[in-house]
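You will see chain A twice below: alongside chain B first, and alongside chain C after that.
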Partner chain A sequence: MTYWEFLSENGGRFFDGTLTTAAQFFLSAIFAILFALIAGLMKLSDNVFVRSPAVVYIEIFRGTSLLVQLYWIFFVLPLFGITLEKFTAGFIAVSMNLGAYGAELVRGGIQSVPKGQWEAAYSLSMSPAKRMWRIILPQALVNMLPPWGNLLIELLKATALVSLISVADLMFEAKQINGSTFLSAQAFGTALIIYYIFARLIVTPFMRWMERVMARKMGRV
Partner chain B sequence: MEDYSNYPLQLDATDRPMVRFQNVTKRYGALTVLDNLNLDVAEGEMISIIGPSGSGKTTVLRMLMLERIQGGVIYVDGTPLTHEAKGGKLVEASERYLRKAREPIGMCFQHFNLFPHFTALQNCMEGPVQVLGLSKKEARERSEELLEMVGMIDKKDQHPSRLSGGQQQRVAIARALAMRPKVMLLDEVTSALDPEVIGEVTEVIKKLVKEHNLTIMMVTHQMGFAADISDRVCFFYGGRIEEQGPPKELFGNPQKERTQQFLSAVKSAD
Partner chain C sequence: MFDWKWDFTFEILPRLGWATLNTLIAAGGGYAIAIVLGLALALAQRSPYRALTLVVREAVEFIRSTPLVLQIFFVFYVGPQFGIRLSPWTSGMIAIGLHYSAYLSEVYRGGIESVPKGQWEACRSLSMSTSDTYFRIIIPQALPPALAGMGNYLVGIFKDTPMLSVIGVAELMHAANAIGSEHYRFLEPYTLVGIIFLAISLPSAGLIRTFEAWVRKRLGMS
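Right after this comes the complex of A and B.
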């Protein structure tokens, strides 16, 4: 069987798997950004009751294995009465894990904004929320974008683990195809290429575009 | 714990400077930067604060806008700034109170601190729209008027990264004025500028003094400029006011030895 015959026979399943991976990626990315933002801001608080939950979250999810976290969320949480559908469990686990890394990026990005910016915003009597949202965060975002580009690629690759709780993503389909055709090189090779194209031709250009947009906002073009 | 019962909750109309420092002490850890400072600034007065580095001169401005104090009370326009009245006596102000009390004060910084993601015009509109609640249209009119005044109207749509230091500082002055402050704090506003653009900023400040009834407190290293436009000059040394007076007297005939030393050192450096 040539590779083209292999592809025409199994292309549909690769396509379905890719769509699921894309869905997992986008949902994980959105929630990871949300978790990162919340935990990153909480970690900067002076109030110990606000700060400590963020510290605990970051420590647990950065300090343990994503695969174990995924199994916990899918297999163990039901014992405590929280049952998640496998698709949901998948992107929740991935986003909570990568969000913990992202929280440190948010914290670092905010701290890298010069003190003078806080003082200038304060001298206009801006409220703490407006100060953060309108003055500090936009500048922090500029500093954060390059590392976030890396993190999102990590996140894409991490979504492959959801195949282990039987979410029918790209990796899951590749395994199935391998199981029925025994063409391991073709099956996993194709998956590899699709992941690479996804990262290289979608995620990275998108982040570059974001960086350009932000540079324009800063008048740095 | 200091007893605040001797401090009035509100200054009398007969004795009501725009800014009053009463027995103000500022410490950073064990280091006392300002020691029992007493200073009144009248409405519409322009005072310059000079002194060697480490004398506490910048701290005077920072206490009004950015930092808390460890002793005494600061009043602005007759009302306590650093403290609020609770149950008939003064207690240390909450964050919210402080922010509100600082609304009538504007500040310009040595390094301008313009918001880099906003244009010059957006920088000026930010406070009026977000804090004072003006409509975009009103804020734009007010900001354009001020940018006109500082000679920056042609550059209103430029981001700070496209402006020279002198231009940025002029926009920063317009931004502070857009809040319609009663008191303006100028913290070494020309110190970070190239010599050839200092003039454009001092011109704007001169105009400000002449045309607006603003109370201005300026920390500066430019003695000539301070002599030119101040009503009064305060020489700070070691966290205290060593000597103060009209510029003619302080610069022309300084009484204290430290003042003389400082002024002659500055002169020989020129």
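Right after this comes the complex of A and C.
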């Protein structure tokens, strides 16, 4: 069987898997950004009761493996009465894990904004919320976009693990095709190439574009 | 709801302890491969042969942007298709070592680029050979700035070893899965695995920082 025959026979399954991977990627990216923002801001708080939950969250999720967290959320949480569907459990686990790494980027980004900006906003008697949203966060965002680009690639790779709780993503389909055709090089090789194209031709160019847009908006061209 | 069983916990703890040892061996073995291969990849990217540089650069990019778990499956299943049979341990070590060598090559590259240009020129003017220049002058100076990154990836490789359970390497996650399906209890094994990971990775991050400071001091850099 030539590679083209292999592709025409299994292309549909690769396509379905890619769509699921894309859905997992977008959902986990959105939630990871959300978790990172909340935990990153909480970690900067002066109040120890606000700060410590964020520290605990970050240390636990950065200190253990994503696979452990995924299994824990999928197999152990139901014992506490929280049963998540496998698709939901998948992107929640991925986003909580990457969100913990992102929280450190958010914290670093905010701390890299010069002190004068805080003081200027303060002297204009802006409310703390307004100061954060309109002055500090936009500048922090420009500083942290490049590391976020790397983090999103890590996130894309991390979504492959959801196949282990049988979410039918690209990795899962590759395993199934391998099982039915025994053409391992073709099955796993094609999946590797699709992941690579996704990372290299979609995620990375999008982040570069974001960096350019943000730099222009902030007048830093 | 919260029925944590302590007797069960103590019953499975020794087994998880042995599996932890396997996890550490797997992480160490993978890291050893990654350290050597990563240096080769970093040096290849600095070679004067443009074609080699481009191919290696793209290969590193490819390895870094595809999932490790898929690479593990690839190495494990593709060998037999061409008549090469690798044990789960061997293919796991190769996959994880290869994956992290791509990351480490970037760390080395950063370290090498941080060595001042004058050092290269001095070697040149002393007409040192290329290998002497690298191994006696450049790499010893490139190492300290690279240590932080190398340490982070050591912890990273340790945290990625659970993925080896998918091809049957008997590490911590594999043991927890086995215990879970034998006893139909997942709360204790999975929670213990999480705690063991935390107990190892949190202190090692601190140890690595201490080690880095010690090396810098020994080399008289700050």
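Heads up, the rule we're going with is that the second predicted complex is superposed on the first by the 221 of 221 C-alpha atoms of A that agree within 3 Å, B and C clash if a C-alpha of one lies under 4 Å from a C-alpha of the other, contacts with A are read in each partner's own complex, and residues count from 1 in each chain.
Heads up, the rule we're going with is that contacts are C-beta pairs under 8 Å (C-beta built on N, C-alpha and C of every residue); 3 or more make two chains touch, one makes a residue touch a chain.
All of these numbers come straight from a predicted model, not from anything done at the bench.
Asks: When the two structures are overlaid on chain A, which partner does A:Ser65 contact: first (chain B), second (chain C), both, or neither?
Replies: second
Asks: When the two structures are overlaid on chain A, which partner does A:Arg208 contact: first (chain B), second (chain C), both, or neither?
Replies: neither
Asks: Which of the two, chain B or chain C, is in touch with more residues of chain A?
Replies: Counting contacted residues of chain A, the larger count belongs to C.
Asks: Considering only touches as defined above, state whether A:Ala191 meets chain B (first), chain C (second), both or neither.
Replies: In the superposed model, A:Ala191 contacts chain C only, not chain B.
Asks: Do any residues of chain A touch both chain B and chain C, and if so, which are they?
Replies: Comparing the two interfaces on chain A, one with chain B and one with chain C, no residues are shared.
Asks: For chain A, which residues count as touching chain B in their complex?
Replies: The touching residues are 114, 116-117, 119-127, 130, 134-135, 138-139, 142, 217-220.
Asks: Looking at the complex, which residues from chain B come into contact with chain A?
Replies: Within the complex, chain B touches chain A at residues 65-66, 99-100, 102-103, 105-107, 109, 111, 113-117, 119, 126-127, 130-131, 158-162, 175-176, 179.
Asks: Using the touch rule from the top, collect the residues of chain A that touch chain C in their complex.
Replies: Going through chain A, the ones touching chain C are 59-60, 63-69, 71-72, 75-76, 79-81, 153, 156-161, 163-164, 171, 174-175, 178, 182-185, 188-189, 191-192, 195-196, 199-200.
Asks: Write out the stretch or stretches of chain C touching chain A in their complex.
Replies: Residues of chain C touching chain A: 1-3, 61-62, 64-71, 73-74, 77-78, 80-82, 159-163, 165-166, 173, 176-177, 180, 186-187, 190-191, 193-194, 197-198, 201-202.
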